[in-house]
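Take a look at the structures listed below.
In the two assemblies presented below, chain A is common to both, partnered first by chain B and then by chain C.
Up next, the complex of A and B:
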């Protein structure tokens, strides 16, 4: 088991956002967390990445384990550096005043100086040829879809082997959405473990191996994608009938 | 070859010229002191720009750190090298002051950097307006602490630095103050440029853009904030030490919130995150202050008014976030500004 979340309870100030949820991700899997707004999906990802308050929640009970060891005391920079997890945050959060190339370079911040990263840049540009075309452009001038590509490319440049994505399809045109999900599948086939948070439940379940349904900070359902796609409650609540 | 070292040559020439002019007393003492305050202001504005411009936090207690540096280097210098009513005879032979002077100033800087922790540690979990309030509080804490320290004069101030300077001049007669102010100014600007253009410094910019995004790019935000605040306040401490030795007298009142505001005006006038902007605006601001001197107290009506006008018509400051080389590309042949 690569990552396991055990009875996690977190708070933002006085408001409890997760009421003891548990889930796990195995190496090489695509796992998805689905649920409506306010279900606790982003909160879960922020907790796993150990981001600091005020943006991120405070863990009050439960545990997050990476390969069996608790990471509650790990610094956010070490989550990337030592555990090789990378988050593609909701709303992209790229560095707008930097160029595409500078954004990618910043992602190599904690990696060894002068390491040969040529192949890795090439991999990102192979996955997203548009980024190569725009590599000298300030990233705030990119379109929404291109910014999302940059956010994924930037996460890959951290040298991660576990990718956490928060609503990557938000604000993308349908064609771009499918393109992005195909890319995720390709990444997974080359060995990347993926934890995907999505509102678009059918899209996510069709990509993922397993899924968890969150509802207002509690686990409502879990199972393989096929099971969840066939579950009448999930169908009714999240798949439109 | 000549092109590559042109900036160094220009600086050495400037320094030499300044020394010569001061040595031969070709300019009045008044003009010389204006030039020295210009150097102090350059250090203050570039170091505050590091926090407010590059890191995107809003610090408005810069004068507090300047005060720490001023007092520590003054007291240390007087205790070691001068006869004083409170501290008695000099601890070390006054001839040594010549060599120890830069160390005394640096000691002030180190003390101010430690005082910078007063702001750096709260900044882990506080930002924006709330951090700004903490910086103001830090400024007040420092001022009040010194005002209540009777040993070093309290609110009456502290003096005796002139005798340290004169014992330096006794050993070798050179205009030491202009020389050291010039050297420290160059050192500070060089240090800040190296800092912001390093890989580590890219993290500073990342924090100003988006702290969460910086964290998930493995930028250790707490470490960067600590170091940046300490560098910034340490340099302010160096400026304070120089300021104290130029005047030969310090009192806590001259490092109050008004002084901090003055530095803020310089930063915002120059443009956020522009190092050359901060240098230029410090120079321009010093000249402006001297030109407006005949207005006396009305000066403090005119200067804030100027700030309003700048914010209204050019909110990004003189340079915006650009460097000189972005405006005059031919300068790049001589020096890479970024």
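Up next, the complex of A and C:
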């Protein structure tokens, strides 16, 4: 087990957002978290990445383990540096005042000083040729879809082998959405473990091996993608009948 | 006439250099933490005192010749002053940040820290002023009716070199990039594997180091030190940073030189007691027209 979340309870101030949820991700898997707005998906990812209040919640009970060891005391920058996990956050959160290239370079901050990253930049540019065209542009001026590509490319440049994505298809045109999902599949085939939060449940379940359904901070269902796709409750609530 | 103008310009540039070097510290810290570090003027004062002790030691105890003393005093003072700035960050600001305290309380803390530095100095060293030991002989040059000293030129050149260096750090190095990134979106910075505290420490090192440099140069130019010497010049540098657009390095420099120029201009036409009144009023008027300062565009483009 690469990552396991155990009976996790978290609070924002006095408001409890997760009421003891458990899930896990195995190495090499694509796992998806689905659920309605406010279910606690983003909250779960922020907790795993050990981000700090006020934007992220505070863990009050339960545990988060990476390869069996608790990471509750790990700094957020070490989640990236030591555990090689990278989050593509909700709303992209790229640095709009930096150029595309600077955003990518910044993501290599914690990597070895003289590491040869040429191939890795090339991989990002192969996945998203648009970014190469716009590499000198201030990233604020990119379109929403291009910004999303940058957010993914940036996460890859951290040298991660575990990618967490929070609604990466938000605001993408259908064609780009499918392209992004194909990209995720390709990455997974080359060894990347993926935890995907998605609004579009059918798209997510078609990509993922397994999934968990969150409902107002509690786990409502779990299973392989085929099981969830066939589950009548899940169908009714998240798959449009 | 032309000679008078150039003469005044040189004086303006010299004072502008002091303001700019100090303004830089306000602007860097603000860009990264959105904190107005009101103790910064007193860091400058501490820098001048550190320079005093280091220089005195080098000249008398170590018996070094002036030029060697200067060559050692500059880096040592900058390093020691940055350590004071970093300590301030550690003991005063970081705990508040950890607790998620409101910005207001952090600013109040900063004001208190400034007062503590002033009064600690008073308590430890007494009220008597200190005379800064001369390390180099000041030469007065006279070209076409314009007189200037080697020291004045050195002050101006130092400020310009510092500007170039900082501009390079902020635009070209990863630490500088991280500083700009923090000013845009703090939250996403750790997601890049960047320890926020390291960048904050780097910011205080740069800002306080430059204040230390300003301290030496100032003490060499006006060799009388007293505990409150950082108060007024600190306020002025802060205002210079705001007028330039706080958070922007170019703004801090432009604001500093602008303030220097306005002051010299005022003194040229009015009694010198009017200097600060009119200078501050002019800056107020500039802010009324451009509240974000000359370089401050939107909230998003800091540093």
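Throughout what follows, the second predicted complex is superposed on the first by the 241 of 241 C-alpha atoms of A that agree within 3 Å, B and C clash if a C-alpha of one lies under 4 Å from a C-alpha of the other, contacts with A are read in each partner's own complex, and residues count from 1 in each chain.
Here is the rule we use: a residue touches a chain if its C-beta (ideal position, glycine included) is under 8 Å from a C-beta of that chain, and two chains touch if they have at least 3 such contacts.
Just so you know, these numbers come straight off a predicted model, no measurement behind them.
*Asks:* So, on chain A, is it clash or fit between chain B and chain C?
*Replies:* Result for chain B and chain C: clash.
*Asks:* One more residue to check, A:219. First (chain B), second (chain C), both or neither?
*Replies:* neither
*Asks:* So, does A:80 touch the first partner chain B, the second partner chain C, both, or neither?
*Replies:* A:80 contacts both chain B and chain C.
*Asks:* Could you tell me if A:89 is touching chain B, chain C, both of them or neither one (first, second, both, neither)?
*Replies:* Both partners, chain B and chain C.
*Asks:* Show which residues of chain A both chain B and chain C reach, each in its own complex.
*Replies:* Residues 49, 51, 53-55, 75-81, 86-87, 89, 93-98, 105-107, 109-110, 154-155, 158, which sit in both footprints.
*Asks:* Which of the residues in chain B come into contact with chain A in the complex?
*Replies:* Interface residues on chain B, with respect to chain A: 124-125, 199, 202-203, 205-206, 209-213, 215-222, 321.
*Asks:* Using the touch definition up top, name the residues of chain A that touch chain C in the complex.
*Replies:* Residues 49, 51, 53-55, 75-81, 86-87, 89, 93-98, 102, 105-111, 140, 154-155, 158.
*Asks:* Going by the contact rule set out above, which residues of chain A touch chain B in the complex?
*Replies:* Within the complex, chain A touches chain B at residues 49, 51-56, 75-81, 86-87, 89, 93-98, 105-107, 109-110, 113, 154-155, 158.
*Asks:* Under the stated contact criterion, what part of chain C meets chain A in this complex?
*Replies:* Checking each residue of chain C against chain A gives 100, 174, 177-178, 180-181, 183-185, 187-188, 190-196, 300-302.
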